[in-house]
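Look at the two complexes coming up: subunit A is in both, with subunit B in one and subunit C in the other.
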Partner chain A sequence: MSKVIVVTSGKGGVGKTTSSAAIATGLASKGLKTAVIDFDVGLRNLDLIMGVERRVVYDFVNVINGEATLKQAMIKDKRVDNLFILPASQTRDKDALTEDGVESVINELKADGFDYIVCDSPAGIEKGAFMALYFADEAIVVTNPEVSSVRDSDRILGILQSRSKVAEEGGSVKEHLLVTRYSPERVEGGDMLSVEDIVEILSIPLLGVIPESGSVLQASNSGSPVILDEASTAGMAYSDAIDRFLGEDVPHRFMNVEKKGFFKKLFG
Partner chain B sequence: MGLFDLFRQDRKKNTAKAAKERLQILIAHEHAGGSRGNTGPDYLPKLREEIIAVIRKYVEVDDDAVNVQIEKGDDLDMLELNITLPDAAK
Partner chain C sequence: MELKGEMSMLNVLHLQSTDLKEISQQIEAKRDEVPAFFLNSPVVVDCSSITDDLKKLDLKGLKACLTDLMFVPVGVRGIEPEQQAMVTKSGWPVLRAGPKKSTSKPSGKESSKPDESAKTDGDSEIQAQVSEEKATISRIIEKPVRSGQQVFVDEGDAVLLTHTSAGSEVMASGSVHVYGALRGRVLAGVHGDTNARIFCRSLDAELIAIAGRYQLLDEGDTDLRGKPAVIRLDGEKLIIEALE
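Then we have the complex of A and B:
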């Protein structure tokens, strides 16, 4: 059975695309056939983060408009088997994504035997964000430890549970909280909301905590999802989150201030 | 680094605590104004308009005199109507 996962947040710039790339790559690395779709029409970026920008020929909107087939538009990842990227269109037409169009693409992916369809949502609560979440079975809500991001996450949770297709049919979308850009030092210093605070406020299950890490920028510079950087804290935290998503009981790491030893200070 | 900077960390207020309290109050408030995140059913605006029209048959009220909300409960949802009558109608 295919599952549609939306990676969403309401607020912009919190790490949705970084997380979508990592999650899709992580799932595919487990041998699960995974497609990751960029819903950010007009501001295509997933292709860059995945390092496939030079291989984009057709996009999501071309497929919806029948100008290309899904097979022509999907880019097969060269590093990880079972991983496919569907880039967003750069059109400025806000209405390019239609409900029927999106549904037919998702249905075709399901029929094609994809295990997971990861939808990278744009920021906001407008059409694009709505289209990205409408067909979702599960939602990964990306939240930064910061007031406006937490509030927007709450708002997007409300929309998920009232406006998505699953909700309209009387069901509920399975929720996962992914806290990103977490800095244990600042939490300890008292100027950043702790994971416990955020979980208490949003009251949804915690999937993972991704620390603030320089390797995220390095990963995006080189077009390689950070989860493939197995030595980085962010990469490891995303890997743990994938294991948890697939039902394993994995303890959280990188949530507390690490007391740096002499060598770590020198080479850390 | 001045001598005072050494102690700054301690003197600084715990702003994370303030953030948490403000969020809890705000989100409780926003949930009360409709379902989570204030997204009521689509018919609410129309319902509100029609209720205003009915009331106007009897009392002259302002456009914003009628407040319609859905209060989500565990077992049932409640439709909450708040109608403010003008002073003269008392």
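Then we have the complex of A and C:
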């Protein structure tokens, strides 16, 4: 059974696209056939982070408008089997996404045997974000440890559980919390909310905590999702999150300030 | 247009026009006279003077405009029953009209159509009975009420099995029960029931109100913040007590 996952947040710049790329790559690495769709029409970011920008010929809007087939528009990843990217258009506006159009693309992917369809939502709670979440079975809500981001995530959760298709039919969308750009030092210093605070406010299950890490920018500059950087803390945290998503019980890491000194680490 | 305090606490905005621009200018002028008094105060919009033209009023815009001006929009009243759906759809709860004055109708037609007038009377009696029965029905809300969402129970209690978020709003004609944290705005007894109460497992509300008497809960207002609490009305005063 195919599952549609929306990666959403309300607030902009919190790490949705970074997370969509990592999650899609992580799922595909487990042998699950995965498509990742960029719903940020007009901005087009996902293809850069996935390193496929020079292979984009047709996009999501072309498919919706019948100017290209889904097969023509989907880009097959060269590093990971089972991974396909459907890029957004750079030139259209968000009105180009129609409910019928999005539904037919998602249905075609389902019929094609995709296990997971990951929808990278644009920021805000306007049309584009609404289209990205409307067909979702599960939602990964990306939140930074600050009050405004948590408040926006709360809003998005309300919209998910009242206005998505599943909700309209009386069901509920499965919720996952992904805290990103987490800096234990700044939490300790009182500048940022702790994971415990965020979980308490939103009361949804915690999928993972991704630490603030310079390797995220490096990864996106080199067009390789950070989850493939197995030496980076962010990459490891995304891998753990994927294992948890698939039902494994994995302890959370990188949530506390690292103790200084080799011996302290070994014996302390 | 008039903006005046009623029931000692609740501001009622009596609309005389449907022109949003005009309305917002007038509200702004009124507010600027005594800004501190109106800041964050709940306001009810009374449409009884403009019921015939209600369609022309941009209700969504009015709500946004009141919010921008730092009011807390509470509900609309003074509308015809058939307008209720339209008003609710635009995101406004419908409140029952203010205390009725005399409602004796012009009796010119009565002699010519005695049957019809008798039937009308009968109907309204039945309606009154039905609404009395409905008053005991409570609504159970299983999901959290999130920021930007509103729950409005027109007849009865609101029973919330989880929490309410900051930036949410729960209103009921009866009492409000929250079996989790109460973090948003909560208004009980919105039709004037002074016996309505608010119960919660953890009190962290932004605003509490019973039968129009309201209070903003700022940091330090009560030592019961974060604790189980019950709120009731004693005369004109809201009393917050520990829920044992």
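Here is the rule we go by: the second predicted complex is superposed on the first by the 260 of 268 C-alpha atoms of A that agree within 3 Å, B and C clash if a C-alpha of one lies under 4 Å from a C-alpha of the other, contacts with A are read in each partner's own complex, and residues count from 1 in each chain.
Everything that follows uses one rule, which is that contacts are C-beta pairs under 8 Å (C-beta built on N, C-alpha and C of every residue); 3 or more make two chains touch, one makes a residue touch a chain.
Nothing here was measured: the structure is a model prediction, and the numbers come from that model.
Of the two partner chains placed by the overlay, subunit B and subunit C both lie in contact with A:I201. Of the two partner chains placed around the shared chain by superposition, subunit B is the only one that A:M192 touches, whereas subunit C remains out of contact.
Set against each other, subunit B and subunit C differ in how many residues of subunit A they touch, and the higher count belongs to B. In the superposition on chain A, no contact is made by A:E53 with either subunit B or subunit C.
Applying the stated contact rule after C-alpha superposition, one finds that A:R163 touches subunit B and leaves subunit C untouched. When both complexes are overlaid on chain A, the residue A:D243 reaches neither subunit B nor subunit C. With both structures placed on the common chain, the touch criterion links A:R155 to subunit B and to subunit C. In the three-chain superposition model, subunit A touches both subunit B and subunit C at residues 151, 154-155, 157-159, 161-162, 201.
Within the complex formed with subunit B, the residues of subunit A that make contact are 146-147, 150-151, 154-159, 161-163, 187, 189-194, 197, 200-201.
The touching residues of subunit A, counted against subunit C in their complex, run 151, 154-155, 157-159, 161-162, 172, 201, 203. On the subunit B side of its complex with subunit A, the touching residues are 9, 12-17, 19-20, 22-24, 26-27, 30-31, 35-39. Residues 143-149, 162-163, 165-168, 180 of subunit C are the ones touching subunit A in the complex.
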